[in-house]
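My questions all concern the structure below.
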Amino acid sequence: DLKYYFMSPCEKYRARRHIPWKLVVQILKIVMITTQLILFGLSNQLVVSYKEENMMALKNLFLKDYSGVDEDDYSVAVYTQQRVYDSLFYVLDQYSQLGRLSVGPLSYGEDEHGDVLPLIICKQYYKRSSVEPSNEAYDIDAQLETVCMSHDPKTANQWKTQNSSFFDLDFYRLVDMKITFQLNGINLQTVRSRELPDCYSFYITITFDNQCHSGKVKIFLDIDAQSCPCQDWKISGTAQKNTHYLLVFDSFVIAVCLTSAVLCSRSIVLAVRLLQRFSRFFHENYSRKVGEDDQNEFLNGWYVLVIVSDLLAIIGSILKMEIQAKSLTNYDVCSIFLGTSTLLVWVGVIRYLGYFQKYNVLILTMKAAFPKVLRFCCCAGMIYLGYTFCGWIVLGPYHEKFEGLSRVAECLFSLLNGDDMFTTFAQLKDKNTLVWLFSRAYLYSFISLFVYMVLSLFIALITDAYETIKKYFTLLSSQQCNCLQDLNLPIYSVLCCCQRYDGVTGL
Amino acid sequence: DLKYYFMSPCEKYRARRHIPWKLVVQILKIVMITTQLILFGLSNQLVVSYKEENMMALKNLFLKDYSGVDEDDYSVAVYTQQRVYDSLFYVLDQYSQLGRLSVGPLSYGEDEHGDVLPLIICKQYYKRSSVEPSNEAYDIDAQLETVCMSHDPKTANQWKTQNSSFFDLDFYRLVDMKITFQLNGINLQTVRSRELPDCYSFYITITFDNQCHSGKVKIFLDIDAQSCPCQDWKISGTAQKNTHYLLVFDSFVIAVCLTSAVLCSRSIVLAVRLLQRFSRFFHENYSRKVGEDDQNEFLNGWYVLVIVSDLLAIIGSILKMEIQAKSLTNYDVCSIFLGTSTLLVWVGVIRYLGYFQKYNVLILTMKAAFPKVLRFCCCAGMIYLGYTFCGWIVLGPYHEKFEGLSRVAECLFSLLNGDDMFTTFAQLKDKNTLVWLFSRAYLYSFISLFVYMVLSLFIALITDAYETIKKYFTLLSSQQCNCLQDLNLPIYSVLCCCQRYDGVTGL
Amino acid sequence: DLKYYFMSPCEKYRARRHIPWKLVVQILKIVMITTQLILFGLSNQLVVSYKEENMMALKNLFLKDYSGVDEDDYSVAVYTQQRVYDSLFYVLDQYSQLGRLSVGPLSYGEDEHGDVLPLIICKQYYKRSSVEPSNEAYDIDAQLETVCMSHDPKTANQWKTQNSSFFDLDFYRLVDMKITFQLNGINLQTVRSRELPDCYSFYITITFDNQCHSGKVKIFLDIDAQSCPCQDWKISGTAQKNTHYLLVFDSFVIAVCLTSAVLCSRSIVLAVRLLQRFSRFFHENYSRKVGEDDQNEFLNGWYVLVIVSDLLAIIGSILKMEIQAKSLTNYDVCSIFLGTSTLLVWVGVIRYLGYFQKYNVLILTMKAAFPKVLRFCCCAGMIYLGYTFCGWIVLGPYHEKFEGLSRVAECLFSLLNGDDMFTTFAQLKDKNTLVWLFSRAYLYSFISLFVYMVLSLFIALITDAYETIKKYFTLLSSQQCNCLQDLNLPIYSVLCCCQRYDGVTGL
Amino acid sequence: DLKYYFMSPCEKYRARRHIPWKLVVQILKIVMITTQLILFGLSNQLVVSYKEENMMALKNLFLKDYSGVDEDDYSVAVYTQQRVYDSLFYVLDQYSQLGRLSVGPLSYGEDEHGDVLPLIICKQYYKRSSVEPSNEAYDIDAQLETVCMSHDPKTANQWKTQNSSFFDLDFYRLVDMKITFQLNGINLQTVRSRELPDCYSFYITITFDNQCHSGKVKIFLDIDAQSCPCQDWKISGTAQKNTHYLLVFDSFVIAVCLTSAVLCSRSIVLAVRLLQRFSRFFHENYSRKVGEDDQNEFLNGWYVLVIVSDLLAIIGSILKMEIQAKSLTNYDVCSIFLGTSTLLVWVGVIRYLGYFQKYNVLILTMKAAFPKVLRFCCCAGMIYLGYTFCGWIVLGPYHEKFEGLSRVAECLFSLLNGDDMFTTFAQLKDKNTLVWLFSRAYLYSFISLFVYMVLSLFIALITDAYETIKKYFTLLSSQQCNCLQDLNLPIYSVLCCCQRYDGVTGL
């Protein structure tokens, strides 16, 4: 009979006392994936700090009056014609004498013939633009023309005299000016952590942006750093064995994850079969259909979680091996895969805590409250969206926190969680009265509504769910679980069965 | 009978299965209004960034030692006579050579005859003021005299020699000095987004403020930027068709909003008629009056919301069209209309979510808790007001967050929601002991009272409302809604009726 | 009988329908006290801004390399002997040429004979101090000697040559050096708000602090500003009538407050008498004593509040009149009196809201929860005190937020309420490992304990109180208040009586 | 019988009315330990401020262009070869003329023969490193060589000429450069607080760090300050008696703590004996075992707390005496011992509050909620750990708050408690799109999950515990404590017994 179906596997499991292989695999997986993540993180940090420091060094070398802080996106802003010329010539001068300036192993990029790649300056301007603001008159050809000039560091002295016409900028027509050059560098610090140094190519673009024609020329410095294995190297004094051990370790991680994934898939298949048998039996004996909620309980979400995390870990490990073998440099993608898989693996630990009843109360509470919270988030989300749009359009021009739609969403979300509200208020003070009034109404109403109403309702929802679950559990422990009778409480009734059921399908 | 009145429209609705036109209109409206808002926002940003950057550029051009940051309202503060003269002459020098300095398309303003408008310096001083602080003696005529001088950029060299007496300032008498001039500019960047460039007139006022006679002369730079269509223009290389499409789109939005408003007004009219019939019937059969709460339920608040949002959207769209046609420049007003209407439209979505019972619980909870929360806010508001006044008068002189009444209110509101408390405490440390002690008592008592008592009570109120609603709903689902019998629970009883009622009046 | 005692006054009150004079007086008082506070605040701001700006101006005039920001207490810190001399001579130079420098009406202080008061420099040093750090040897006479020198601005050129020995500082012996001088100023800006200008004496002390002998000489600039009516003045062009109107208004405020205080005292006396009669009656008929809680209910706390607020307002108004009559300058004390009285007056409004039953629920909840919350605060306060001491001693040397006991208390209180935690964590990072570990354990444990346990318990307490009160009220409304039977619930039972009772004793 | 065992000691205690010595000892202990802590803290502050200010002074003296702010760990960063040489020579120049520069009593360190210890510069470089970035070629010998040079302040003029080859740096090979020297100082300020001045040796290390070879040379200045009693001193003008009084006071503290510890140990021994008798009796009469919970109640946790705090205080006091006797300088360890003991002593006060029943409710609630909260923290901790790892690996390179594992943990913990969320969001804006998207998903999900779900559940747990305890107490007060019957509620039933029991074992 039915009782047998549910009871026996549980008893069998207790009778057999075989070692819970799946648990062992999971624990091994947690340890290994976390170790792998930390190892990758440490080597990643070296690379990132090298790039970051080079970025800082190059900005300090090539940007005049660079203060070390980037406001918004641009590094430096200049406001007079003289300062534009100064900044421009400063770049060229510094570039010419790079060898004597730079502290790090940087040199000019070379093409395949060994010739130094020149620095290239391109200026883009309107084909025709005679603007006379005092007459409120203009005559513009909106098509853009681009003129370029190349500058070889070897012939440094002559460029200013030779290209005087090029450097005679007509600011009314000028849209932007781009200086591009390539520098090569070597990341020597990896030598000390027993890895081979990588060679880097820095593609540097310095942009003088006059698109807005507002009297403010913004100067950007962008670096595109690409690493590649060096072509010609010789090293002595250290053993470079580390990489091999890492590759072996990574393969082992992949193997463990594969095992874990296969075991979980098997369990899912078994669970589906059992469900079919159970529903057939249920249908025959009670001529009732098994509820959808009950069916969902059979499809153990944890297994799906484990399999997803395994797949992510495998992909991440493969990427990591590629990176270590210097055939890929995409650290970000790899770290997202590894990071997400580690997150999921740790979340999966909760499942094992759920086998202790006291912990289970908490987990079930969250599970029970989750749909309600989500549903409520839907409602609140509508108001939230409304506020986001409204804030963006009205306050956007006056407050940097409201500049873009995603920023508004973040700002409101932050305010909701107790962010610096006063500064948000205060930065809106200098504006015109209408916007000032609107901003006050907007912020007060939003915060009051969300902090006091919405957050309180969250607490009410979860307290409610907790009490429901707690009542059910006290009922359960007193009734000794003759739970299949009360099948009209779908979720909680199946809980009881599932506990025994986990013996069948689960670990 | 009564049941028929309530039941049948609902059934009729289900029977007819006609397409819910109103819902379709609403969805269309949401999509269109949001699109319109985003389009307007993007074009608005261009204008605002142009103004902002010009503001920055002009401050950097005309203010000596401008650091790029405005403290409070003033841009620069100077403390010695020499620095006042330097700053003053700097403005005049920079103005004279504007053409060679500025990076953007800026030029002197001209009057209608094509003559350059001169820069005007006005100084305002007490008619008579012989002050001898060391004798504690003064002799003041409090009436103000104003003397002005104009300065033509063409005759730049001579002004200093010619007006030496004007520039011999008597700081004891001087109240303030205003330099005003007009510059014209053209916002060329709109060319790239396929709109016509606007011409701008910048009315610049630089104020040297010595009103306080405290030894600190504050320098303000204010810009009043006014845009107008350029008088004489010629453009090639791009099509300027965008504006037309936008106008068509705006008209379409207006049409949709009108439709929506009309449909909702019709529903309200129908509802009022039904209410009259219902109350007549109720009066005749039970000889009881319909309660006010029940009557309010008939006047569906959602319709009012929709109509208000429609009206706002229509006004906003008209303003937007005017702005696009360059006949208006009032971006702020337009964005407030559009923003508020979008907010209301999105809030209106909640109503449709309310048709699902599970969502309804949450909405009703908020509705039920709302009056209590408001009532409680009243009580708390009294204490809050008291604290606001008290904080302003005592701490105002010592702490910038307590400088104005509205700032105190904001500061307290922010503290309540977890703002940086420590800095608020810390900034009060250097003052005299009495104020120090008071500030501590003030802040500790305020925060304890509000954060611990008031916020907790909010949670209690909402939890309570949630439980009431929940109980009612479980009752409802078990009793199958013979709700008209228990008319002594006014709000919740009508709920049940309303659900069916919505069939009549609503969507 | 008893019912009559309680019922009848209530009914009498309803019968008589006399105008509630007390309420009228209270409303008038609220309006007037708030107006008075705002008026005082506005005039106070002028004075404070004058002082603040003078402070800034003097710092900028006399401190070399002053950046406009005071770190901790000192304004500038210098590290080399040369910079000490520079800063010192800078003060003297600037002082000598003050007339040509300052923008404001500042001049040298004079004694009663009209002679300019000289600047005085005093240096304090150890009587004998031969220190040889390299030999780890010292020979100190810990007694301090003080040598002074005066410097007359008239003989500015000669001081450096004449006092060369004085300015030859022995840094090993030097403890500190104080420069004091007096400047006079006149606050002319009040002319524009139709008040008489005040004369100010600024007693300026510049301290070069070498007490710590740590190689860092801290320079403080302190100003003691004292205002007095100017001795010899003449003003024309404005009417100075404002002050008179203000004095009349203040007297009127005092009159209203006196009335209010007298009325409330009368009510208290009446209440006490009634209590005596009631308890005698109660004793005779039921031979039971009236509980202490019941007795306390008779002594209406609101009256005490009103009387206290009246007294504060009266004292504050008298001080304000004195200040306006220029015979006192103690703005702070006056503002504390006025501020506190305004706070109490607004809090008192809650009492009138309590007459509406729905509001009463909330007020009573807070009242009922208050003792529990206080009791709980006691417990939490112990742990809090422990953490305060512990944090001060261990983290004090390493973190500025933990420098003093009151600062630690504030910091912990702020952390509790969601202050910037990360910066607190982050600033502790560079220190030695033991302290680092301790700081983490300290912060994590404190925050977890307080935020999660203590704050949640607050919510539990208040939710509980709310439910108790709510239950009682539903009981009350159903039972129609035969409340004197259940005298074993002391507080809530008397509530019911009090409601009627307020007719007798209250408004 | 059993009742006698529990009842009588309680009654005996009431009968005897002997003075509660233990309570007196505890109160004395609290006062004394707190006093001791404050005294130690004040003297500690002098030492710490001396060290801190010396640190600042030395950084200002020896680091060129030092801005007064340390970014991350380094003090100054330089980017060009010229600036490296400048900074290096600046150190040497300043060192040579230290006597004329420094304001404080600092001099060169001397060896035991009285000779000045020279400054030593060591540079470390790769044995061989020919790097040609433009060819992507390098030839490195990873072994490091170190070359040193010493510099005597007496022969200051010649070093640059004599060691020109040493100062010819090959930046491609250079790994780092360390300048070390020793300065001696005397902390004279303690003279004024009537303590003997200490002599300090400052071991200063200035590191030019080029390990990363990124074009950015970071300059660190580290000081290791060691204090020792001065060798040769003579002081007059003050009595140095303070130290003796302090030593006597400390001994007294130790005596009190010892007494307290002994008394508590005795009580624990008595309690264990009683437990044995009780369990024997219980076993004989009811033939049931005493539950583990009941047993734990006998082992009063408070006593353990008191003993631990006593031991810590004793160790701390001994350390303090050593420090005052100048034979130890380990302020940190001492302050941790004293601080922790003070914390525990104050926490112990709660126990005495627990004797009042109303306070007990709160204490018991926390006690009852504690295991649940801990258990729940376990679950939440897993997710938290997952997020920590995931955030570190993915966001670590792009956001300084995610740089190290402990920092990520702190950052997430801070976010959870309402830290500045927006800045965390905002600092991630400039990065590549994938990471941007990930960071948003990461932050939104983390905050929503924890703030809304987890924190709300905390509140639910504690509200629940509070209600359980409250119910039990109302039961208790009505039933007049025939508590031994219901032994199936282990904790709460024993509570009742314990209250009486405390008479036996406790105070």
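Going by the order they are written in, the chains are A, B, C and D; count residues from 1 in each one.
FYI, a contact is a pair of C-beta atoms (placed from the backbone, for glycine too) under 8 Å apart; a residue touches a chain by one contact, two chains touch by 3 or more.
All of these numbers come straight from a predicted model, not from anything done at the bench.
Participant: What rotation angle takes the CA atoms of subunit A onto those of subunit B? Round to the nearest 5 degrees.
Facilitator: Going from subunit A to subunit B via C-alpha fit gives 90 degrees.
Participant: Let me check something: if the centre of a chain is the mean of its CA atoms, which chain is farthest from subunit B?
Facilitator: Chain D.
Participant: Shared numbers divided by all numbers used: is that above or below half for subunit B and subunit C, i.e. same or different?
Facilitator: Because under half of the interface numbers appear in both copies, subunit C and subunit B meet with different residues.
Participant: Quick one: subunit C and subunit D, Cα centre-to-centre, how many Å?
Facilitator: 33
Participant: Calculate how many whole Å lie between the centre of subunit A and the centre of subunit C, each centre taken as the average of the chain's C-alpha atoms.
Facilitator: Each chain reduced to its C-alpha mean, subunit A and subunit C end up 47 Å apart.
Participant: Provide the list of subunit D residues touching at least two other chains, using ranges where the numbers run on.
Facilitator: 418-420, 459, 461, 463
Participant: Taking the complex as given, what residues does subunit D use to touch subunit C?
Facilitator: Where subunit D meets subunit C, its residues are 34, 37-38, 40-41, 44-45, 48-50, 52-54, 56-58, 60-61, 70, 73, 100-110, 114, 116, 183-189, 191-192, 197, 199, 228, 230-238, 331-333, 335-336, 338-340, 342-347, 349-350, 353, 358-359, 362-363, 365-366, 369-370, 373, 377, 401, 406-407, 410-411, 413-414, 417-420, 455, 458-459, 461-463, 466-467, 470.
Participant: Would you tell me which residues of subunit C are touching subunit D in their complex?
Facilitator: That would be residues 77-82, 84, 126-129, 131-143, 171-172, 210-217, 372, 375-376, 378-379, 382-383, 385-387, 389-394, 396-398, 403, 405, 415, 418-422, 425-426, 429-430, 432, 434-435, 438, 440, 444, 447-448, 451-453, 456-457, 459-461, 463-464 of subunit C.
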